[in-house]
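Here the chain labels run A, B, C and D in written order, and each chain numbers its own residues starting at 1.
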Amino acid sequence: MDELEIDAVAEAQLDDPVLVEGLPGVGHVGKLAVDHLLEELEGDSTLVRRIYSREFPPQVTVEDGVSELTCAELHAVSVPEGRDLLLLTGDHQAQTNDGHYLLTTAFLDIAEEFGASEVFALGGVPTGELIDEYAVVGAVSDESMCETFEDAGVEFREDEPAGGIVGVSGLLLGLGERRGFEAACLMGETSGYLVDPKSARAVLEVLEDLLGFELDYETLDERADEMEDVIGKIQEMEQQQQQQQMPTDDDLRYIG
Amino acid sequence: MDELEIDAVAEAQLDDPVLVEGLPGVGHVGKLAVDHLLEELEGDSTLVRRIYSREFPPQVTVEDGVSELTCAELHAVSVPEGRDLLLLTGDHQAQTNDGHYLLTTAFLDIAEEFGASEVFALGGVPTGELIDEYAVVGAVSDESMCETFEDAGVEFREDEPAGGIVGVSGLLLGLGERRGFEAACLMGETSGYLVDPKSARAVLEVLEDLLGFELDYETLDERADEMEDVIGKIQEMEQQQQQQQMPTDDDLRYIG
Amino acid sequence: MDELEIDAVAEAQLDDPVLVEGLPGVGHVGKLAVDHLLEELEGDSTLVRRIYSREFPPQVTVEDGVSELTCAELHAVSVPEGRDLLLLTGDHQAQTNDGHYLLTTAFLDIAEEFGASEVFALGGVPTGELIDEYAVVGAVSDESMCETFEDAGVEFREDEPAGGIVGVSGLLLGLGERRGFEAACLMGETSGYLVDPKSARAVLEVLEDLLGFELDYETLDERADEMEDVIGKIQEMEQQQQQQQMPTDDDLRYIG
Amino acid sequence: MDELEIDAVAEAQLDDPVLVEGLPGVGHVGKLAVDHLLEELEGDSTLVRRIYSREFPPQVTVEDGVSELTCAELHAVSVPEGRDLLLLTGDHQAQTNDGHYLLTTAFLDIAEEFGASEVFALGGVPTGELIDEYAVVGAVSDESMCETFEDAGVEFREDEPAGGIVGVSGLLLGLGERRGFEAACLMGETSGYLVDPKSARAVLEVLEDLLGFELDYETLDERADEMEDVIGKIQEMEQQQQQQQMPTDDDLRYIG
């Protein structure tokens, strides 16, 4: 196998699409959001590309006994009421620094091929504590883009995210900018400890505003309810522990 | 040395052989199984290829003072009563993600060269507890293969193995499928804590059914008995500890 | 993106400049020093090169919501009263051994292009304890250089730094020497636990002497005062802990 | 810098020399032995090659303030009363698996260039406990070599070293054998916890017998005495601890 192999599964005509990326990351916010988009817009979407790479973990997933080699997938979505989309999702990030550069370059090549000049990377920004009101924090490749996003409710903050943005999401901005894309990263606040469907919903609501479509949130809200139950149980356990001993930060750290 | 060097030790004519892989992994199930096959079918087998690679650890094994450079070996077996075999074994997996892709590609190249169109990767699936009845869990590269394997007693489960299949075994399915092989992974249940000859026997019994040969299990059963003794001693130690203090999961984790 | 991409942002004529490197390292001494130089000599400096590389972490920094791809920057400074400078700074070191070799080679190529034949790598040498008097320890690529540096107050010690010099600073000496540069590393003593503006000032005072310019230290002293406050609070916390239990070396280790 | 750069510092005519390798490893036995050889045979030796590589750590050593780029060195030694030697030493092993293969290949290339057809890799084999009588354990690339080494007091054992031989020493046997060298590894028994000059002496005494020269051991014995003092202090501390509390398995686990 080559370092990179791109299977052209199908072709699709898109009108000025936006590449929307949702690979796994903090709170799985980006992946949850793009997976929900795919589910809700299924009728209008076509799987167009599979990207295999030696930079992905050497692994197959198995569902009902049938294996599938790790890859990233791109779906073309012709949205009737809004902007066309090119949705990027997958189960894994690259495993090396070099791999992030390689894969991001491949994703931008395909975006270009489908006529995209805008890129939205979706993700989460960790706050370290459970959240009531989910803000969406933004980062853009060019200052001129801020206003549009602020109008849609995105917050730009002086020093956030403090550690910058790492991985494919970061490089879609960094490499995208160098190649002339308008790139933005939309990050839902999330504790960082748990898979967070509510944060994904906050990000998607911003997207609805920006791209002109409407989503049903029933299945995502169900997943959020399931997580609420998990959180409830954790808090119960914590309270029991607190009665026995002082809790530590480590109690939450390895969950999720 | 090149990234990959293949020594053609001998040639052999095989009739529609199956590549059977047994490199080290969970419970050493795959390696035990293929080593036992080699032992039992010794009279009919020929060492045909040695595969050296910079992706293996930079290491020699030493036996009776004589060194041998780390490699993988392929034996051609002309089985009188059943399907011909191409047995892949060795002492090490690749040491990098990239290496898994490189070596699996080399193994499939050689399989092709010997006319194989089917691949069986043998391994273990960890259950986290000691086992009485050893089921064999399967994964296949194409759904159409399930029935044959189910008839031989292989179980296909909705969500297992949960983390997918990693390493050469996983890639034999993933890359094999992309190259037109029919690939399956047969995983004996095993605690995951100990070298497990009983699990290897369970996998081999499925293979007997699938490939039409019969094996003697005396030497493998002897190794199983030895492991029983080890397990017995561990359980004894545990009981003694239990009388002194609550045992933890960690007691078993680092043995074997 | 290529392994290395160098953007020629502007050109500048320099007269026998010295390449001065200040990438992140022990106590951030080198980076603080070069950042202060850039701030104080801003009127005379031009950003001439940006160096992007797959060897840097796959990351953007975000300031006021605008992203910037990780890179190293070179500023040309025409110092009226002293030697011209080529200042190298950035937010990251390379992430692999190989990357250090690659980037250092690129930095030396650019230094050569601007006519530099001398290289000063700035950094810190960890002492393991808080410091009152900040010595500057030196290492040079050729023994003949020692005298000039000793005259400027640099100390050369028999066995320091004990572990050698690692990363870009080390390779600027090692590779620089092989290419005919006169290369020196100036290391301010620093605890190793905290960002250390005082150590950076000690290094800069040596540079003033060596290169014939004068700096104002107001902003650097302010940062030093801020750090003093931090240290004060840590010592207070330590004393409180000491009254409760024996303190350990680990108390300081992960701060800064 | 290239992946590998070999500086031809000088040339030398050797008569059927043996390549003797002593890079850092278990107990620093190999390095101590070759460094002692170099010291004792200084009058007859010439530094012939320096090997620089991106596979070494990106680092300079500093002695009296003067830096030297990490490299390996080869000295040619014309031994009047015995076999000529090509001595390989250095401060570092390669940092990656790939690097071990690359550097060993380079070392064998140079050995070939100087007419060597035999290779001795020197090292230590860890026993896990302090040693009174230092045996020298051997491994050879070909069984026919055993007798000569046994006559010189080398022991060949059924299962030792249990984990094989890793790094350059291992590959000198493994790759050496593939290229037609007669290669042996001579390993002095050593606790594995401490630098061990006595083990180095045991290995050198075997070499004297095999290669026909005589060495003075005064400086090596001095270093051994210094280590005895260190061991004495450790044992004292251990006895004091034993009187205070029951020792646990963990006490030993992380030492050395």
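Here, contacts are C-beta pairs under 8 Å (C-beta built on N, C-alpha and C of every residue); 3 or more make two chains touch, one makes a residue touch a chain.
Given the structure is predicted, the values throughout are model-derived calculations rather than measurements.
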{"item": "Mutual neighbours - chains that touch chain A and chain C alike", "value": "none"}
{"item": "Shortest contact path, chain B to chain D, counted in steps", "value": "1"}
{"item": "Distance-maximising chain from chain C - centres being C-alpha averages", "value": "B"}
{"item": "Same or different residue numbers at the chain C/chain D copy interface, by half rule", "value": "different"}
{"item": "Distance from the mean Cα position of chain D to that of chain A, given in whole angstrom", "value": "52"}
{"item": "Centre distance in Å when chain A and chain B are each reduced to the mean of their C-alpha atoms", "value": "37"}
{"item": "Of all residues in chain B, the ones touching two or more other chains", "value": "none"}
{"item": "Touch-based graph of the chains, sorted into line, ring, star, complete or other", "value": "ring"}
{"item": "Chain pairs in mutual contact under the definition given at the outset", "value": "A-B, A-C, B-D, C-D"}
{"item": "Residue numbers on chain C that touch chain D, as the complex places them", "value": "97-98, 100-102, 104-105, 138-143, 146, 156-161, 164-168, 170-171, 173-175, 177-178, 183, 185"}
{"item": "Residue numbers on chain B that touch chain D, as the complex places them", "value": "1, 52, 54-70, 95-96"}
